[in-house]
Every structure is written in C-alpha cells, then in structure tokens.
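Some notes on the structure that comes next.
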Amino acid sequence: MTVIDTEVQDGRARPQRGAKVLDAEQVTMRFGGLVAVNKVDFDVHEGEIVGLIGPNGAGKTTFFNCLTGMYKPTSGTVKFYGEVLPPKPRAVVKAGMARTFQNIRLFGNMTALENVMVGRYCRTTSGAITSVLHGPKYRREEAESRSRAQELLDFVGLGKSSELLARNMPYGDQRRLEIARALATDPKLILLDEPTAGMNPLETQQAMDLIFKIRDQGLAVVVIEHDMRFIFQLCDRVLCLVRGEALVWGTPGEVQSDPRVVEAYIGGSELEDDEDEVQA
Amino acid sequence: MEIFLQQLVNGLTLGSLYALIAVGYTVVYGIVQLINFAHGEVFMIGAFGALATYLLLFQGQTALWILPIMIIGAMIASVGTAVLMERVAYRPLRNAPRLAPLITAIGISVFLQEFVRLFFDKVPGTDFPSAKAKIPFPQIDVVTGRAFHPMEGVTIQRAAIFTVAMLLLSAVGLWWFVNKTKLGRGMQAVSQDPDTARLMGINVDRIIVVAFAVGAALAAIAGVAQGLQITNVNFKMGFIAGLKAFTAAVLGGIGNIQGAVVGGLVLGLAEAFITQYTGMLPDPFGQFGGSSWKDVWAFALLIVILVFRPQGLLGAKVVDRA
Amino acid sequence: MNLPTLPDTLREQHSGKGWPLALVGSLLLLVSGLLSWSFDPSILGDISIAFWPASLQLFAMILGAVGVLLALMHRGPLHRLGDWFDTALGLRALGTGSLLFVVFSLVAIASEAGGLVNVNPGGWLALAGALLLTVGARFVPQRQLNSFAKAKANPVLEIVVIVLGMAAILFGAAYVLGRDDPWIFVGFLVMAAVAFMALARAGFFTWMSHVAQRHRHVLTLAAFVVAFLFPFTQDGSDANMSIATQVLIFAATAIGLNIVVGLAGLLDLGYIAFLGSGAYVGAMMSNAASATIGWKPPFIVVMLIGACVAATLGLIIGSPTLRVSGDYLAIVTLAFGEIFRLSMFNLDGNNGPDLTNGPNGIPGIPDLNLFGFDFGKPHTVFGIQLGRFSNYYFILLLLIGFIILVFTRLNNSRIGRGWVAIREDERAAEAMGVNTFGLKLLGFAVGAFLAGLAGTIKAHQDTAASPDQYIFLESAFLLAAVVLGGMGTVAGVLIGATILKLLPEKLRFFSEYRLLLFGLLLVIMMRVRPEGLIASKRRQLEFHEDDEELAQEVQADHLIDAAPEAAR
Amino acid sequence: MPKRSAVSVGATLLVASLALSACGSRGGSDTSSSAAGSGASAGGATKTAKIGVIAPLSGDLAALGLGIQNSVDLAIKQANETNAIPGWKLELAAEDDQATADVGKNAATKLAGDKDVIGVVGTLNSSVALQVQPVLSSANIVQVSPANTGVSLTKGEDAANPARPFKTYFRTCTTDAIQGPFAARFLFESGIKEVATVHDKKAYGQGLVQAFTEEFEKLGGTVVAAETINPDEDKYDAVVSAIKPKSPKALYYGGEYPNAGPLSQQMKSQGLNIPLMGGDGIFDPKFIELAGSTSDGDLATSVGAPTDSTDSGKKFLEEYKAAGYSDPSAAYGGYAYDAANSIINALKTSLANAASVEDARQATVDALGKVSFDGVTGKVAFDEFGDTTTKILTVYKVTGGEWKTEKTDEFK
C-alpha cells in the first residue's frame, strides 16, 4: 500500500498546536427525561488529534451529533472558530466540519470518484442551467471537482479504484473512501466515527497512518473509538465520557492511568441500546 | 337541524364503510410497514364474492338468512385473494428496495380490477353477467327496501343501519381477537418488535398472513354493505374507496386499530358536512363546495395530515420509511 | 433458453460432429425460406410461393443467416472472429430459439389455415433445420476467448457497424409497423428476440457496448438520424405516425419522471398532472373556440408558460418532501394527482371558475402553425408525403432530443450526483453538505417543466384536452415505463415507453387484456428484475465483468469482518 | 377457410401448390404498403369501399356500441346482396372507441389512413365525436352519427350564431336542443311544475339539462334544484340529500344509464319518491336492471318513433334477428342502420363513376347532403347543418320492469 509513510509512522513528531477550531462549553443534551450528555467541555485545535472514548451508551454519538450540528444541544454552546453554527448539517459542512459514519454510509451505487465528487458539492455552485448548457462555470467546476476528487483518492490510497462501485469495494477501502469523501468538503475539522471498526491489525495501522497524514495537512481531527490502544497511540488529548459525563479529559497518559476509566469500562454498559437508536 | 341530522346519518354510514376497509390498511401496515395499495381491490372482490354466492345458490330469493351466507362467500373470496397476494407477491419482496412493494401493489391492484372485469362472466359452470358494466346487487329482505323516517326530513336507509351495525360487531370481534386470542396477541407482539417476536418463537410469516386475512375479512363485510347500499357493484369500486379508507387509516394513526375506526368515522362525517355546508357558502367559495369538490377536500386533508401530523389523531407506530 | 447441459464427456466425444450439424441446420433454415411454407396463399402475407420469401419465410432466413455466420466464425473462413465471440453459446441459444420460432410459425399456419395439413415442405424443412441446429449446437465446444478490452479498434469498421445496426433497426421498425397481422407481428418479435439472444450470448453486444463507448457521439447522431428518417418509411400513412407521436410524448414525460424516480429516488404517483397542466395551458391559450383565456401569445411563449405552470405545480407537489418521504410521499403525490384531475373536472363555471370546461375538456384546438409551417397540412418532402402526425413527430423529436440532453447533462453534473446521493442515502448526503431539500424540489420542478413542455404540444396534437386523459392509471403507466426500461437510464425509458404504447396498439386482440398484463408485468418485474430491462450505467457496473473478482473479494472480506462486528 | 383434413386432399394440393410456385407470381399482397386496406385482393371487376364504425365495443356502453356495429353490418350485407352499387363491394371496418375520446381519435386516425374508407358510422358519445370530427374531416370522410345529440357538433360552440364546423359530419338522431324541450313539455303538460335537474357534466348530459331547463322555465315551471354528479362515483347520498328538502315533483337527469339507474334506485330508497326522467341515454333495459324494482314510473325520451311501431322498423328487427347477431340492436340500432343506408344511398351517386375511393370522397360528402329516403326510424334527410330533418320523438315509461311507449309526437 502506498500510504505508508515511514516518517510519520511513529506518530511522535507532532506539529505545533494552532488556533482553536472547536470549542464546546457545558454541552447538555436531554431526550425527555434522559440526560444523554451532561455539561461536557471540549475543544480542538488545528493540527491536533483528539480522541473520544467511553463505554457503550456513554453518549459518545449523541455528543458527536451535537458537535456536528445534527442536534441542537439542550443547553451549552458549540462554537466553531468562535461562532455558533446553526443546527443544519449543510451549514456545518460549509463552515468546514466534515464527518464519517460509524456504520459506513457510502453511496453504494456510485463509483468511488463520484462519491468523492459528491463531497465537492458544497464547494461548487453550478446551477441547473449552466449544467445543461455546459457553460464555462460548469466546465471549470466539473474539471476542478474531478481533479480534486482524484487527488484525494490518491491521497487515501484509492487512486486506482476510482471507477469501482463503492458497494463492490473491500471493507477497508470503503472506510478510506468515506474519509476521502469527507476531505472533499475542504474541512478544517474532520470527525471520524470509529474509523477502525471491524478492521484487522494491518488495516488499523494503515488507518492510523492516514489519520496522521491528514493531521499533517494542518487539519484538526476528532476520533471516536473503542480500541484504546489505537486511541492512545494516535491522540494528543483524550476525552473519556461515561454516562454522559466527562470522566477524564487530558493526555493519553493521564487517561490511561486513571483508575476510574478502567472501572467504567468494566462495569458500565447498562445503556447498551440507546446509542444505536440515537444514531438511526 | 334536519339537514344536520341527515348529514350525521350520511356521514356515519359513509364513515363506517371507510372504517371497515381502513382496518385492513392499518393492521398490515402495523406489522410489515407495507401500504397494501391493493386493499381497495380486496374490498371490491368481497362484493363480487357475495354477488357470486348469491347468483350461484339463491338467485331470485330475498330472504334474510341468505345474507350471512353471502358474507361468508364474500370473506372466502377476499381472504383468499389477500392471502394469495401476500404469499405470491409481497412475501418475496420483504427485504427488497423500498419502492418494490409499492410498485408491486399498484400492479396487483390493476391486475385484480382487470381480472374481475374480464373473467367474472367466464367462471366455468355459471352464467354470471359480464362485469364490464355495473351489475345489480341482490336485494335482501329487512336490510334493503323502504327507508325509515325517524322524523320529518331525516331518512335512514336500512342498508345504512346494517353497515353501522356490522362495524360495531366487527370492532367488538376485532377487539376480542387482538386482545384475547393467542394469534391476536402474537400480532401485537410482531407489530411491536418483529425480531424479538421471532426469537420468542412466534411464527412471523403466519402472523403476517393472519393480518392480511383479518383486514380482508372486514373489507369483505364492507363490500357487502356497499353492495346493499348502492345496489350495484362494479370492478372500479375499490380504487376511490381504498384511497379514502387509506386516508381514514392515516387520519386515525396508521398501525393503530382503534385509530382506523375513529379515522373512518371522522372522515365520513367530515365529508358529509363539507359537502353540505361548503356548498352553502357565499359565492366565490360556495363554488368550491358541494359534492363535486368533496373528494378534493378529502385528498387535501390526507396531504395535510401526512405532512403535518403523520402519526394521525390517535398517534401511531411511525416508522421512518426513508 | 437453456436446455440442460450435456455431460462434458459426451460433448467431447462428439465434438467433431456438432459443428457440421449446426452448419447444415443453419443452411437448411436459410434454404427453407425459399420454399413454399403453406398451401394457402391468403394467410400470413402469402407464404405459399417459392423463391419469393415473405414474412415468416424471411424471418427464418434471417435466423438461418445468423446461424451460418456464427458457424463460420466458429470454424471456417471467419474463424479468427471466433477468438472474440463465444460462437458456441450463441449457436446454442440460436438453436433453441429457432426451434421455438419454427414451432410458433407452424402453429400460426395451422391456426390460420386450419390444421397442420396446410404446412408445405418449406415449413417442415425449417423444422428439420432448427432441430439439427439445436442438436448440433449442443455439441459445439466452447473456445478460449480474448477480452474485448484488448481488441484493437478500427474506428471506420466500428462506425460502419453502428450505421448498419441503426439501419437494421430502422428497416425492422418500418417493416414490423407495416404488419397488421398479429401472427406476423409476433413472429417478427420472436425472430428479433431470438437473433438478439443469440448475438448477445455470443458476446456481440458486449463488443457493441465497447464500440458505443468509443463512439458515443456517432451513436447518438445515428440514433437521431434514424428517428428522423422514420416517417419517410411510412409511405404517407399517418396511422403509425399517430402511434409514434404518442410514444414520443409518453417517453418525453417518462424521462422527466425518471429524474424524480430514477435519479432522486422519490416515487411520484401523480406525475401525469404535469403533462396535464401543460396540455391545459396549451389548450386554454390556443385559438380553440372554447379556450377560456383570451390572451393568445405565440406558441413558444405558451410552451414556456405551460412549462412554468407545471414547474410551479412541481414545486408545490415537491414541497412536502421536506417532511415526508418514502411511501407517504408516494401517497401524497397520488393525492395531488387526483386533486388535479378532479379540479380540471370541476372548473367549468358550475363548480368554481370556468377554466377547463369540465369533463368535456377543451375540444377543437387548432393545429400548430410555426413560422408559416402548418402542422395540420400534409407536406411533401423528397417526393414523399408526410401527414399531419409526421409534422408533430418532428417537433416532438426535437423536444425529446432537448429533454434527453437536459437529462443526461444534469445526470452528469453535480446536481445529478446530488440526486443520486439522496437516492442512495439521504442522511449521508446531507452530512456531506448536499442541499437535499433544495435538490428534491429542483428534481420535481425540472421533471415537471419538461413534462409541461411536452403537454403544450400534446394539446395541439390531440386537438383536445380533457380530464379523462390524466387519470391515475396514466401515472402508473409512466412509472411502469420507467421501471420496466430501467430507472435512471434514457434508453431504458425509451424502450419501456415504446413497449407500453406500441404493443397494445399493434396487438388489437390483446388490447382487451392490456391492463391485465400490465399489472402482471409490474408484479413480475419487481420480483425478477427490479432494475429494469436496461440497467443504468451505475447499476450496470454492478454486473461488470471486471468487478466480478472484486465482488467475491468483498464478500470474503465481509465474512472476516462479520466476526468482530458480531462480537461488538 | 374450410377445414381440409384428408391426406389425399393435402396431396392434391401439394401438387397444385408446387405447380403454383413454379409460376412464381405473387398476388401483390406482400408489398410494402402499410395500409390495412390492401389485404383484400382487388380481384375481378369489383372494387372495395369500406364503411367504418367507431363505437364503444367494450366497456360500460358496449351494449349500445355492439348494436350499432351489427346494424351497420346488416346494412352493408344487404347492400352487397342486392348489388346496390354496381362494381363495388362494401366492407365493414369497425373500431372500438371504449367511449373514450383519446381511443376514438386513434380509431379515427386509423380509418382515415385507410385508402378504402369512404364513410364512418359513429360515434355513440358526443364527447368522442368532438375529437373524431376533425380527423375524419381532414381526410374528407363522411361521418354519420346515429347517437350524438350534442348541439355544438353541427352548430358550433356559439349557440347564437350557428356555424357548421365540419362539412363531413351528419347525424340521423335529433339533438339535445329538441329532446330536452320535448321532455320539458311532456312533464309540464302532465302537471309537474317543480323539477330538480341533475347531470353528469359531460357534453351530452349538460346540453340536455340546459335545453330542458330553458324550455321548462319558459313554460312557467320552476327548477328547484340543479345538481351535478361525477360519473365515476357510485354513491349519490350528497346529491339526494341536497335535492330532497326542495321537494321537487320529478327529477330530470342528463346522462347515461350506468349512473341514472343507481341514482333512481338510491333516491327512492332514501325516500325521494318521484319519477326520474332522462334522454335517450337512459333508454336501455340495463337502466331498469340497475334501478331495480322501484324504477316503475321512470321516464325516458328517445328520438323517432319506436322501432317496432313502424312496418319498416319491424322488418329491420326481424332481419336483425334473422342475421343471428349475439347482441341486441339496442337503442341506436335503427339509427345506425339508417346512417349506414344514408351513406350507401350517397355512394350510389358518388361511386358510380369513381376510379378510387379517395376520388369519391368529396362527391360522397355532397351526395349525402341530398339524400332522402324512408328509413326504419322515419324519413332520413339532412338539413344545412347536417342534422336530421325528422323531429319525431317518443316518451317511454317503465311499467312492470319494461320500457313501454307512453307518447309519440312530432316536435314543432
């Protein structure tokens, strides 16, 4: 695989933290009587990889959805570059935040290239008329979209698969395609929901390399994961959520050594099904 | 006042008919989330089943005891059709893309209409009239004939009383079936959570067939009631009736059996009163009232409910079918 | 057309005998067409004369010729072509198919003339030929094939093939449309299907699709030239042209619907209302005596107004998509369609303002007259008389060309990708920044706009607009054309529209059963081939040979993946 | 084709056919000509002319349509037997219009494309005629309708300034403009001063009710309620409820029997016990079947004297019966028979010296305008608009489950 780049593989040569990209303050989310997320603080800077961990039902995905604008928090604010975004996925993407899905949600009957080109949608503006007339704007944007999409496919290591249907691609490639699609929206911040779910160790390693590579482009990255080892190797800071509350928020070392985290992971999976439902 | 009472009677009669058909939509939807678009045709086949029973066994007679046998004949025809179509057309599509069952349903609907139209008079061993034109429906003593006049200006048709009575009877029967029998409770379980129900050892396929059958049986009763009321049947009678009944089911909250009954009655009454009172409005508006526009208003109501309150009046099992 | 396959050993033992048998069978079939098939000169366009083949004889000769061609490609002078085409499979399909065709022919003769005794030696010879071919083909061994991807392209040859193919379609269409005898008509269809199957099995169409990829513009141009030439083959008769114009209007509307259903994945069961609104605008602004609007602008303006009215309706019907989707949306659109029809029915002055003249519609719409060209008058071009419907055919051809252009260009733009993304996964599309609601509305509006354009012409072509032309069943037919042909494709919709409009017209005995079969067809299609006769490029890729290995790989991967996923 | 089963016959024919094939000449039937007409060989001296029929041969109104088709067929057969037009053989070309305008137009296009078609009998429905007229007119083919009663078909849309829209269109039945008023006078004269009207909004029903209302009000009666129904509907509760409080003494219905029957039944079962009266569209046994036992007393007008009341009418009915058609001649059989005979009469002049059918079409249009003979429904002749000059009408009444003649009169 071409993505493996020995220089960043060790993951220790981390660039300087940049400006604050995302700032969540006291985010609370209630569904009826259930408090899914309770007063959580969170922030991400440019060039930083932040992890989000927690047992099943800890409210990770709910929190994630608050960050990406799918939900409007019951109280508290989420600011992106200092601004509160409207709770509309489209506006959020436009502002520069992109995401992937826990259960891969590609456009199965489109080719890999087309999938990525859909990601360019919000950065292009050709309307129906210029599209039909093949006007200069259409030609320019279409060529730009195409080359950018191919570039991104190359970047994630799928350059040769551009004409394959997404549904026919191997599982690991689908994950990477999803990342390429998210990158196509020109994000400042990318949120990855369990990017290594169902991957074997080799693929996991490749995914980690890819995430470093994205970070090295100056993007901020938020990762939700179950795989502790993966998170601790990858992230600069880690937030551990348990039952909707921020249990620990610090460097991988701090989180790893906190006894409460271990305890939470052993005994805390009561709200199993809630997460799936919220996701759907 | 007489006008009001008369429209109340008309509305309840119409509503009872809608309610009987609407149950079929709601039961099936509650269990498989399928809009059985062909249910209107099941209703139509019920009416023809009753007619065929009459023509075969009792031609020329008018005694009351014939009626239950006609209803049984109607049910055999309707239930048979519904079960067959579930088995042949819908079951193989249970995991198909979402457009497939709906398109199939349209296909079945057209097929059944045409089948009756073309072949009703070709049933071997009979001399049924051709269904290409309207066929007179038999008159039965007691339930057809001279109307009642409880007071000046109000008429109650005998067939109307029959329809409302059949609705009451069916509602009680249905309540008993759903709550008191094993199959009925199985139906409830499947509609709440098919996967768990399957794990608990409930035969989901069988429950689905039962749902189709129950809906068809009530539609058959509706078919007979309609035949007695308007004294003729034709192969097209299922389309609009089916659409209206679907509106009723949505109105009450699709998936909710009480909802279907309430929705049917509400829709029937609404239609009757809209017909009567919009026609009396001063002119620019009055033109859009009366019986010509009642279907338009019914469909407009359907759209408004689907858009703004898809869970209906009584709330329903709403599943995102996106 | 698959008989049980022979055991390999048996096939190897007799492999030498298969080819000559197949060749002789094909030759017999070819020769049989030159002999008399029946005693009775009055049936089936007179097949009683030797050395002057007609109808069924001609069809048998075509099948024989295909057989000879395939056989000679397998071994003999053309054997080098056999490296590319799977002649064995082709011959087998042809064998079974020819047998079917000959049996059909004999049944036709027997039923028309009263008994098999009326079959002449030609017919029996054809049967013998088909039998020999069937048996022989079973023993013909398959050869190692080269992939077309490696084939060296000879552009001139390829273009010639395209032109020949198109010419064949033109002559075939002109011939078959001239047949009124249902036996001959069906016989032709059987023959065409058999030839098509045989060539398809031989890989001919795979090659054609490669060729088409390389010469897309030539293909499009050729298709339009053929369509343009079609009226000239009709010898001044307008009966077929009347059907052809109906097919075009139907297809144009169906392509518009294809945007909504095929691309954006939104089921619309009230689509005929858009065609209807266009037609009503066309009618109300025409010079008809009962037209209800006094303003008579030039037709181009009327077209635009009609299209815009339809597009506005499209926006209204599309607006519930903000909150409603799936089955509920389908029912909402159905209700809108019914409301449209009932409104047109009611707006006659008694119930509401007098706009549409009620159930009687607006009759007596005069013919179009554009730039001094009167569409109602026959015109003579190159010595061939073209009637009223031919005139409309040409303008409709222009219209459908425009509609196809709009469809394909939108499909290949960011908007088209947005639609497909919505169809595939609306939430994911939204999360990728696609303006889902706006695009859905746009889909409805564009589709409705195109249908409205078609409607304004339809009003003049029909000379009337009335509510009973725009019933739910018509919407169902449109949907069926899209589903039958293949969602998201132009060619599929054209084929679907042609099948649904042409067959009932041509097979009058069948018209009574038209709707019955239509319903059955929908059910069977959904069960057997939900993607339609012609799968869209995107869907076709699913079956693409290059992907086959990959698909297996993916499956294997998923087996591995399934384990940890289940464990979670 | 007679059935040949004996092998010996086959063998003889084998020899014959081989001999025939040796000559190798083709009868000319497999040329590229696409018109339906060339199927019949133009052998001998007789040339072929076709008379088309456009009528609903399937669907709700098929009973009426088949009667028309058979009656025309009878007329053609008789003309051929008597060799009415020397040198020409007549053929029937029947097309189904399913009582739908669109289908009717296709049928007309097909007939217009047939070079042998000289005239068409049809249509049943005025709404279909509106679309058939222009198509046949553009090919200059005469059309004689046995049943269209819509006034505008011959007098144009503007009632004040009648102008004939199509020179090729004629009819053997009288129009709504006569039938409606005739009914109005009948009701008024039988002492009914308050009526309700209902129509199905179609050209026929609406025109009928309009003409009825004008005359009835002119006579001094009142129309207490005017309602419409949608012909697709089965239940008329709403309409009956709206009419009942106005307590009319009779209901005049504009439309056809598939709706009129159930309407009569339903209004009576809801306590509105007044006679329903309609035009020729409800004058059919099917009406009584659908209206049930309470239909006694319902009335219908129909054009002309009852077919079985005149000698020529009786003769027609006997011949029709003798010809063994499976469907009855129905309400319009006599008019269709007269329509066909009017065309045949015109052809006697126009085809006499014509080389081909196409050449004779204009002459046929001219000749048809001058036709005058005694038909089974009375005298057949046309005025300057193409309307029949006969204005005899009959009122029928349902008595004991059958239509019985009530009154025959000439409208003045």
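Points to keep in mind about this one:
Order of writing sets the labels: A, B, C and D. Residues in every chain begin at 1.
In this section, a residue touches a chain if its C-beta (ideal position, glycine included) is under 8 Å from a C-beta of that chain, and two chains touch if they have at least 3 such contacts.
Since this is a predicted model, take the numbers as computed values, not measurements.
Among the remaining chains, A is positioned farthest from subunit D, on the basis of C-alpha centroids. One finds 45 Å separating the Cα centroids of subunit A and subunit C. In whole angstrom, the spacing between the mean C-alpha positions of subunit B and subunit D is 39. Taking the mean of the C-alpha atoms as each chain's centre, subunit B and subunit C sit 38 Å apart. For subunit C, the set of residues that touch two or more other chains comprises 342, 345, 350-351, 427, 512.
Residue positions of subunit D touching 2 or more other chains: 58, 228, 230.
Annotation for subunit B: residues touching 2 or more other chains are 290, 292, 295. Every pair of chains meeting the contact definition is listed here: A-C, B-C, B-D, C-D. Residue ranges on subunit B touching subunit C, taken from their complex, read 35, 89, 92-93, 96-104, 106-115, 118, 239, 243, 246, 250, 287-288, 290, 292-293, 295-296, 299-300, 302-303, 306-308, 310, 320-322.
Contact residues on subunit C toward subunit B in their complex (touch as defined above): 261, 265, 267, 269, 320, 323-328, 330-332, 334-336, 338-339, 342-343, 345-346, 350-353, 426-427, 472-473, 476, 479, 483, 512-513, 515-516, 518-523, 526-527, 530.
Touching subunit C in their complex are the following residues of subunit A: 68, 70, 89-90, 93-94, 98-99, 101, 105-111, 114, 117-122, 124, 126-128, 131-132, 134, 138, 141-142, 145, 163-165, 167-172, 181-182, 185, 197-198, 200, 226.
Note for the complex: subunit D touches subunit C at residues 1-5, 7, 9-10, 13-14, 16-18, 20-22, 24-27, 29-30, 32-36, 39, 58, 96, 100-102, 105-106, 109-110, 112-114, 127, 130-131, 134-135, 138, 156-158, 165, 200-203, 206, 228, 230-231.
Only residues 405-406, 409-410, 413-418, 420-421, 424-425, 427-435, 442, 446, 538-539, 541-542, 547, 550-551, 553-554, 557-558, 560-561, 564-565, 568 of subunit C touch subunit A when the two sit together in their complex.
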